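Each of the two complexes below includes chain A, the first together with chain B, the second together with chain C.
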Partner chain A sequence: MLLDAFNALMDIWVLVAAIVGIVTGIIIGAIPGLGPTMAIALLIPVTFTMPPIPAITLLLGVYQGAIFGGSISAILLNVPGTPSSAATAIDGHAMAKRGEGGRALRIALYASVAGNIFSCFVLIVLAEPLASMALNFGPAEMAALMFFALLVIVLFGGGVRLDAALMVLLGVFAGIVGLDPIEGTPRFTFDSFAMENGLQLIPVLVGLFAMSEVFLKLFERRSANQGDMDIPEILPSKVRFIDMWRMRATLLWSSLIGTFVGILPGIGSTVPAFMSYSLARARSKQPNKFGEGADEGVAAPEAANNAVTGGALIPTLALGIPGDAVTAVILGAFMLQGLAPGPFLFRDYGIEVYAIFEALILSSIPTIIFGLLLFKIAVHVIRIQPRHLFPTITILALLGAFSVNNSLVDVWVMLGAGFVGFLLRRSGFPLPPLLIGLILGTPLEQSVRQALLTSNGNLDIFWNSHIALSIIALTAICIVISVAISVFKNKRHQGSSDV
Partner chain B sequence: MNLSISKLLAKSGLQSLIFLILAVFAGLGLCLLDTQVQVFSFGDSLFDARFFPRIVLVLIIVIALLCCIARTRKMDEPIGSLAGWARVFLVVGMISIALWFMPSVGFLLSSFVVASVTAFILGERDIKLYVGLPLLIAALVTFGAQYGLTIPLP
Partner chain C sequence: MSLLKTVLTGAVFSSMFVSLGANAVDYPTHPITMVVPYGAGGTTDISARKLSSLAEAELGQPIVVENRPGGSGTNAMRAVAKAKKDGYTLIATTSSPLFVTPAVRPVGYDSVKDFTPILNYSGPYHGVLVQADSPYESFDELIASAKSGTSISYGTAGAMGGPHLSFELIARENKAKLKHVPFSGAGSATAALLGGHVDVALVPAYRDLVLDSKLRLLGVLDDSRDPDFTSVPTLKEAGYDVEFPSVVGVMAPAGTDPDIVAKLEATFTKVANSDEFKEFMTKLNQPVRVMTGKKLGETIKMNLETFRQVAKELSQE
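Then we have the complex of A and B:
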């Protein structure tokens, strides 16, 4: 299978797609406010006419490139291009201020690649066995699993849990609009034939992540030019193999944290980046150097936030449960290419999926080459003014929404989702739970109803299955852990306020 | 009593408004459930097409109210400047008009107008950059989509 997949990669268009994706990702990721989620959502229409392997390689290249691109503005300007680069900014910017911006960026690049390669190997090892196991899942098991995924997002996704729960429910309700998955009757379509297809994923994604950013920028319009930002001088520097080898334990621990936290739905890459940073500081012989420009302070969060890529793809591809907002967008791209993520993906499209995994590993080579070539150019990209950039994003958002079904209804949906996204982001509500609720809502309803219909409404169907029972037990454990963490935090907070 | 209500109103802002809107819409959804979701009863089933929406809508109401109660201890996000809201509504209105006329005037002209207005509202005052640049990008995107990606744009 791996060899067949490698043969499928021997196509010049796969290489072109990887390079275009990485370069686009680095440039977009470097611009503060434009994350990988928006970049991938806007580029999906470009992949419509492409075969699946180059199409997904391009989008994953954007993801890889954007995560590194995010560290460019974090290191040079102390303005993280992506939220996950915030940890990188702590030591990276301290290095940049003393002229070592080039060294910090090289360390970030090599650590990113190390994290990515590690997580891809874990992805290759774990995804198929997980998918094979899921082939034995019936409706009760799937319902328990999806409920678990949604609950984990609420409990551990960060932020206020009630807000996250409300967003999940809003997403689930948005998924209800359209035809009922079992009886086929229209629901909340208000007699509109066009709405019977429901709210399509891509227009909603483009609205939530691209259009809402335009509205936010309009709302917060500032007169100051981004070009006025002071970029520290980049002195010539080198990072040798031995420098990275000295950090091997940090890179390994950070990659492990990134990969395994990435597997959990809804947590994203910011939490593992800070976890790895804290662990690297705790393990360091010179912890006082952290915060003042330590090499490991840059390497640890970068390895972790890139390792999340492979980790988050494991439940996305094997079970159809996205790990975060970016993998939710990638899941949408897989579906548009006819590769429906879930237990049957590896059975029906094994060669394509393994080719994509291998492309993800091999694209580390162009990532290093173009990362080194582009970081000096990306410095100028940071200076692009929002008033020049956001009109372009608006045009691309209109095109992206229209191109899914060649329908203006989808553009209206995108506009509505954009305004709702703006309102929610302006109020501080998290959007990833809404998106994952939208994706998992319909399969959750289908599984719950199928399970209850086959058992004539008897809840024993959940208790009689060992798998479902294990997942329910795991859900209960997560609730207990979450409550314990809250109690511990409250006690610590009270303790510190007493002092 | 009056004092506590006025304190609550003083703390209220955008989040409280959103909780309220969600609760009201979920309530409306529950009222409209019977008319908006048809059920053909071939043998009475509790788990029909209304089963899941009903649970979700009730949960939205309950959690929105819980959020409202939890927020009373904290200060809300302020609604923000009127000028900011006016800029957003202006662009939303402009996009709506452009979408309305898109089938007759085409994607190129509609997207150019939207982008140009967005650039102007974002503070661009150089005519080359708020007319020329959006026109160039709209043309590139339109022709690229039509001839490169074979998307049949209006």
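Then we have the complex of A and C:
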């Protein structure tokens, strides 16, 4: 079967489709606000008349390319192109600021490819068993998992834990705006129809990370030297195989987290990226380096958010149940090609489906080639003078916010989020926990309430499920470890100062 | 048969045009905008794009599809209600923003007074589904069990949707213990049923899961049987006075020139009945259900009243 599928790939159009898809994806992903969903949706009509294998290869190439492309603007400009690359920006941009942008991009590229290959491999080997495993995650299990994710970000995300906890809560509160997920009644919308959607992720993300950067620059005390800014030297950016091999454990863990969270519906790729970042930091011997440009701080989130693509395809294809907007669009594309996802997909169209999976793995080769070519041009972005760069970022931010729903309200939300982000950054609060709180707040509330609805208000539903109970136990262990570490550190610190 | 039908419909409508005068013939002179109230890539979007591209050839002007997602479709409806009544702004819309959401909360438009229906062309069937090994073999058994005190939970694609309101009505009239658990999207509700986290799911797109014996279809919420499962009754046929007819239709702002509306209805009806469109919709696993503008208008009006009543009763609790 796998060999027949491989033979089906021996077609020049599959290669062309893969290359066009990946390059388009990388470029679209790099532009803040334009994500993979929009790119794929716009390309679907183009693929109407194409045969199934090149058509789907093209669309999935866009998906992969866009997830990776988001990290280019995150690293070079500190403006995440897609929400999932916000984690990459932390250490990636720190590296870029000291002239190692090329190196950060290469690490991101190789880590992305590693995450992608890992998750595609899982997809080929274990799609059906994992899809049925995912079904065991009901509301109670999802609630426990989301709570765990929030806690990991607070405990191991870096910085002061109280600050992170406050930011998570702020994000959760921001998520309350909109329609109540259970009753369907408006909350804090002040009778505005536009606010019934709540604060949309992309305008808030673009505001918090991109627009706040502009405000920071705007209100920065001017240096005596009004002329051109010192530009960091672009340092040699070679990343050897051994450099990546050293990070093998981080890459593996991150890929596992990405694939696993990808299989579960509704969490997306931002949360696993931050979870992997936090885990890599917690496991590191030099956690202080995180935030200041650590290699693993770039590799971990990139491996995770790319691994999500393979994971998210598992329930979409094996059950016909998409977990998010992107996979819902991909589901439509499969159907239009006559490959209806669901229980019969692998039985009826095995060769096509396996050919598509193999194309996903093989497209790592063009991803690396074209990624490296694009970097040659892209690293020079860092040399653009601020007076040219910041207006460009502003325009991209306005455009990105507007293009989500073609709505001006989103532009105001973006500007508001930008100002809030500016105030918080000036006061030294970390923004990533705020983003995670906003992403997980409503789903967490919905899951808890769904679980209690199905159990008639009985809390037992959280203890009676083995999965939920294990996750709760894991959460408790994490709290204990985290507290123990800080107590130990404090004691040692006191001990050394006594001497 | 369908060819004959197409030819006949075409003949009837073209003879109508002869009598319509010069006004309608001048339309369209520039591109038409077709607003889709959901994001690009969803089934409503994909089918509206195909329908538009087929109609372009007939009308001789491009039809530009514009996505205006948000507010479960109400944002786009509000915008089109206020658009120019010149026939150059149309909307491809569905049950929820037409007669469910407006019945539940203020939306800023009136789906009867602010719009002129042109035609209905699709509408996915919503089923009442249980796991294949569930003890319930029929809808009656399910309700009988809920009446006798067993609490039965049912998942839907979201709070205050058509399936939710319909089932609330059944629960009320039969004093049955049916507990609603809303999910974000029909996919999550289906997954929750497959995983055994809810007892029942009211969702569309169930065909393959039923054929694969993972789920069992007990009834159809629509006003007619699902052609893929003709042995399964609608809820009305099963003896419960509830239905949620699913519509996907094209509308224009109210006050659009009747000649233009007639021309659009004729064109869209012709392409919606074409073999190419039917084949396309079959691939998408969506039915083609052509209904005249007049009939669509009546359906909307009737259901808006029904759902208003349901919502009113619910809020009096």
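Throughout what follows, the second predicted complex is superposed on the first by the 267 of 499 C-alpha atoms of A that agree within 3 Å, B and C clash if a C-alpha of one lies under 4 Å from a C-alpha of the other, contacts with A are read in each partner's own complex, and residues count from 1 in each chain.
FYI, a residue touches a chain if its C-beta (ideal position, glycine included) is under 8 Å from a C-beta of that chain, and two chains touch if they have at least 3 such contacts.
Everything numeric here is computed off the predicted structure, so don't read it as measured data.
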Touched partner set for A:Val261, first chain B, second chain C, both or neither | neither
Which partner does A:Ile382 contact after superposing on A: first (chain B), second (chain C), both, neither?
-> neither
First (chain B), second (chain C), both or neither: which does A:Gly323 touch?
-> second
With the two structures laid over each other on chain A, which partner does A:Ala18 touch: chain B (first), chain C (second), both, or neither?
-> neither
Once the structures are superposed on A, label A:Thr185 by its partner contacts, choosing first (chain B), second (chain C), both or neither.
-> both
First, second, both or neither for A:Gly457, with chain B first and chain C second | first
Figure out whether A:Arg221 sits in contact with chain B (first) or chain C (second), or with both, or with neither.
-> first
Report for A:Ser427: first if it touches chain B alone, second if chain C alone, otherwise both or neither.
-> first
For A:Asn406, decide between first (touching chain B), second (touching chain C), both and neither.
-> both
Report, in rising order, the residues of chain A that make contact with chain B in one complex and with chain C in the other.
-> 45, 180, 182-183, 185-186, 406, 453
For chain B, which residues are in contact with chain A within the complex?
-> 14-15, 18-19, 22, 26, 29, 32, 36-40, 45-49, 51-53, 56-57, 59-60, 63-64, 66-67, 70, 77, 80, 84-85, 87-88, 91-92, 95-96, 99, 102-103, 107, 110-111, 114-116, 118-119, 121-124, 129-130, 133-134, 137-138, 141, 145, 149-154
Chain B partner contacts - residues on chain A that touch it in the complex | 45-46, 48-49, 160, 162-163, 165-166, 169-170, 172-173, 176, 180, 182-183, 185-190, 214-215, 217-221, 223, 385-388, 390-392, 394-396, 398-399, 402-403, 406, 408, 411-412, 415, 419, 422-424, 426-429, 441, 445, 448-449, 452-453, 457
Touch list for chain A against partner chain C, complex = 37-38, 40-42, 44-45, 134-139, 179-186, 193-194, 196-197, 265-266, 315, 319-323, 325, 328-329, 332-333, 335-338, 340, 342-344, 405-407, 443, 446, 450, 453-454, 456
Listed in rising order, chain C residues that touch chain A in their complex are 39-43, 45-46, 49, 53, 66-71, 74-75, 78, 104-105, 107-108, 151, 153, 158-160, 179-185, 187-188, 190-192, 194-198, 205, 208-209, 211-212, 214, 280, 283-285
